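Consider the two complexes below, in which subunit A is the common component and subunit B and subunit C are the respective partners.
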Partner chain A sequence: MNPLDGLQEGIAELLEELGSLKLSGPDSFFISQYTVWMVIAAIVLVIVAFAAKKREALVPKGRFLNGVEYVVQWVRDDICRGVIGKGSEKHLPFLLTVFFFIVINNLLGLVPGAKPGTGTISVTFAVSLIVFIYFNFYGFKHQGIGGYIKNLAPKGIGPLYPLVWCIELISLFLRLITLAVRLFANMYAGHIVMGVFAMLANLFLQAALQGAGFAIALPSIGWELLIIAMYALELLVAVIQAYVFTLLSAVYISLATADSH
Partner chain B sequence: MAVIGYGLAVIGAAISIGISCFGATTSMARQPEIQGRVFTTFILGAAFAEALALIGFVLALIA
Partner chain C sequence: MKAKSATGRNALLVSLLASGLSLAMPVLALAEEGGGGFSLLIPKMGEFIPTLIAFIIIWIILAKVGWPMITGMLDEREKTIKDSLEQAEQAKIQSEQLLAEHKAQLDEARVEAAQIIANAKEAGEALKADITAKAQQESADMIAKAHLAIEAEKKAAIADLQSSVADLSVSVAGRLIGENLSDDEHLKLIERYVAEAGSLDAN
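Let's turn to the complex of A and B:
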């Protein structure tokens, strides 16, 4: 008996489980398991933020407060000031919200059985739509409606201007899609890989338990070790993707509010 | 078929991430004090290149 026989069936089941399952509500607009986990992430975010605010002091004490302050300071110095530069203070609350929402969602996804909000395209697309509206709003506010539309393409390129303008307009809307797809695909791929590894470890062990001999269970140990390695990698990916999302939001804001190209 | 397409999509992204990593390490070795900004730019470049591979991944899932 080949232990890999059950793999195809298991993968189909896993993919079905990772899709949006209806929990309640009408068919076209329902609450899925991802919605529930997103709300849990939002509650965790609120608790962390208020707990840190409550303990705020001139000299921060304790691991929790120091940890939160370190992350806030890192976003402020590394992303906000480093990319936007002058006048970055008013964008800091927005970027911090985006960063903390995504990082808590991503880290919740590492809890076995959890389905974090960022594992579905709906949530990541919503976040990227908010970022898109935000930076366009500041672009219009900063340069005026005509100025922002005109400044999409650089000046001084002569007859090429309409062509470059059209390409820039397409790339403006592509930002909306790539931001959402990048975060979603990273988290989704990570979940699939970890799920398949767990399934393989399980299949070899099942074969041994059903009396195919002890030796057939040995690959399980290897798959188990690989899952641990993947967990370390996913921990890294969870933070890096939140960082990349926030960094790109900051870059788009700085491009929109720059005085001229 | 979709898997082969995904493999083809990944080649370009892999080469571009490799090149950007090469550039980042070279410039960091030459000028260690500029490390922070080079790292930020490297992550940005890698993110742009990676997006193409990930679009391929999503298309492979859809197709």
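Let's turn to the complex of A and C:
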């Protein structure tokens, strides 16, 4: 028998499993596995933050505290101060929350059996909506509502101004979607790839067990190695995507609160 | 404290806006009915609303009592390290100055000590020469005095001797005149005289 026969069916199953499954609640407002994992990630984040806070001392002690502090310092120096610059301190708590919320969701999804909260568009869209409202709120606050709307397009482009303004307005709202989709697609695709590799490893092994000969199990080893490589890659992606999301949030805040476009 | 409460207020405002916008979501949710791959990109309310709520709650909690503690400690540590380094630098400069000062003082003290020793040697030499000269002078004086005394004694002795020789001569002459001397007696007399004179001379 051909071990690839079961692939089509397996992939359909995998996609269904990676979709939002109704756990409880009405059809229009059901709690899915992603909701549960997002809440777990949120609880983990609070525990991590408070455990770090409790261990705080002038002379840092222990790997845990040093690790958390390293990340906090990195977000503060590289993202917050690096991008926003002057007056960045007030945005730091928000950016720290964004980064930690996303990175913990992403990393939790790498635990076998767990799902990343960010593996569904609903969660990433919620965060990107908050970021969108946040940077526009500060834009309005900093430049005034009229000033912010007027400054969407740069000055000194003459008759092109209305056209550029429309494009800028569209790109402003596109940020909301690109932020959400980028993060979701990365996490979702990574899990599909790992799932397919795992399925292939399984199919070849099963074929061997069903008497198709020992040699047919050998590709399983290759697939397993690929899964390990993908796992390493996904670890990187989990952190990089959290970084990209936070970095872009900082860029949007900095654009909205800049003195002149 | 003021900044913290401002963050909390802003978080609340943003969350109000977010929940307002989320009311528009059912419109999008209706589009989901079409199904297919596109449904993946349609937010589901059961995931979307809890995320909004969870995120905003976490944001408010951590912005109020979580991050400020950690970032505050980072700032404090930075400041402490910077201050300590500056203090150490200051202390180093001070100790270097002190060392230089002490070295200079030591050198000065050495020069002074050498000067004192040289002075003392000079003074000692001078004193020695002085004492030697005085002693020589004194001994010379003493010798001169002794010479004078000896000379006086000698003169006195000579005068004494002269007077006793005259007396003796007178008494010898007296005896020669007063007695009848035989030849033999004469001889004895002369011998006695000579012996007397000799013993006198021996004195």
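Methods note: the second predicted complex is superposed on the first by the 261 of 261 C-alpha atoms of A that agree within 3 Å, B and C clash if a C-alpha of one lies under 4 Å from a C-alpha of the other, contacts with A are read in each partner's own complex, and residues count from 1 in each chain.
Please note the rule applied: a contact is a pair of C-beta atoms (placed from the backbone, for glycine too) under 8 Å apart; a residue touches a chain by one contact, two chains touch by 3 or more.
Quick caveat, the model's predicted, so the values are computed rather than measured.
When the shared chain is aligned, subunit C comes close enough to touch A:126, but subunit B does not. In the superposed model, A:97 makes contact with subunit C only, not with subunit B.
After overlaying the two complexes on the shared chain, residue contacts for A:82 are found with subunit B alone; subunit C is out of touch. In the superposed model, A:181 lies in contact with both subunit B and subunit C. Touch criterion not met for A:238: it reaches neither subunit B nor subunit C. Considering which of subunit B and subunit C touches more of subunit A, the answer is C.
Shared-chain residue A:117: touches subunit C; no touch with subunit B. Of the two partner chains placed around the shared chain by superposition, neither subunit B nor subunit C is touched by A:253.
Residue contacts after overlaying the shared chain place A:42 against subunit C, while subunit B stays out of touching range. Of the two partner chains placed by the overlay, only subunit C lies in contact with A:30; subunit B stays clear of it.
Note: residues 181 of subunit A belong to the subunit B contact set and to the subunit C contact set alike, using the contact criterion stated above. Those residues of subunit A whose C-beta lies close enough to touch subunit B in the complex are 78, 82-83, 178, 181-182, 184-186, 189, 240, 243-244, 247-248, 251. On the subunit A side of its complex with subunit C, the touching residues are 19-20, 22, 25, 28-32, 34-35, 38-39, 42, 45-46, 49-50, 52-53, 56-60, 68-69, 72-73, 76, 89-90, 92-94, 96-97, 101, 117, 120-123, 125-127, 129-130, 133-134, 137, 181, 188. By the touch rule above, subunit B contacts subunit A in their complex via residues 36-37, 40, 43-44, 47-48, 50-51, 54-55, 57-58. In the complex of the two chains, the subunit C residues touching subunit A come out as 3, 6-7, 10-11, 13-15, 17-18, 21-22, 26, 29, 40-52, 54-59, 61-63, 65-71, 73-74, 76-77, 80.
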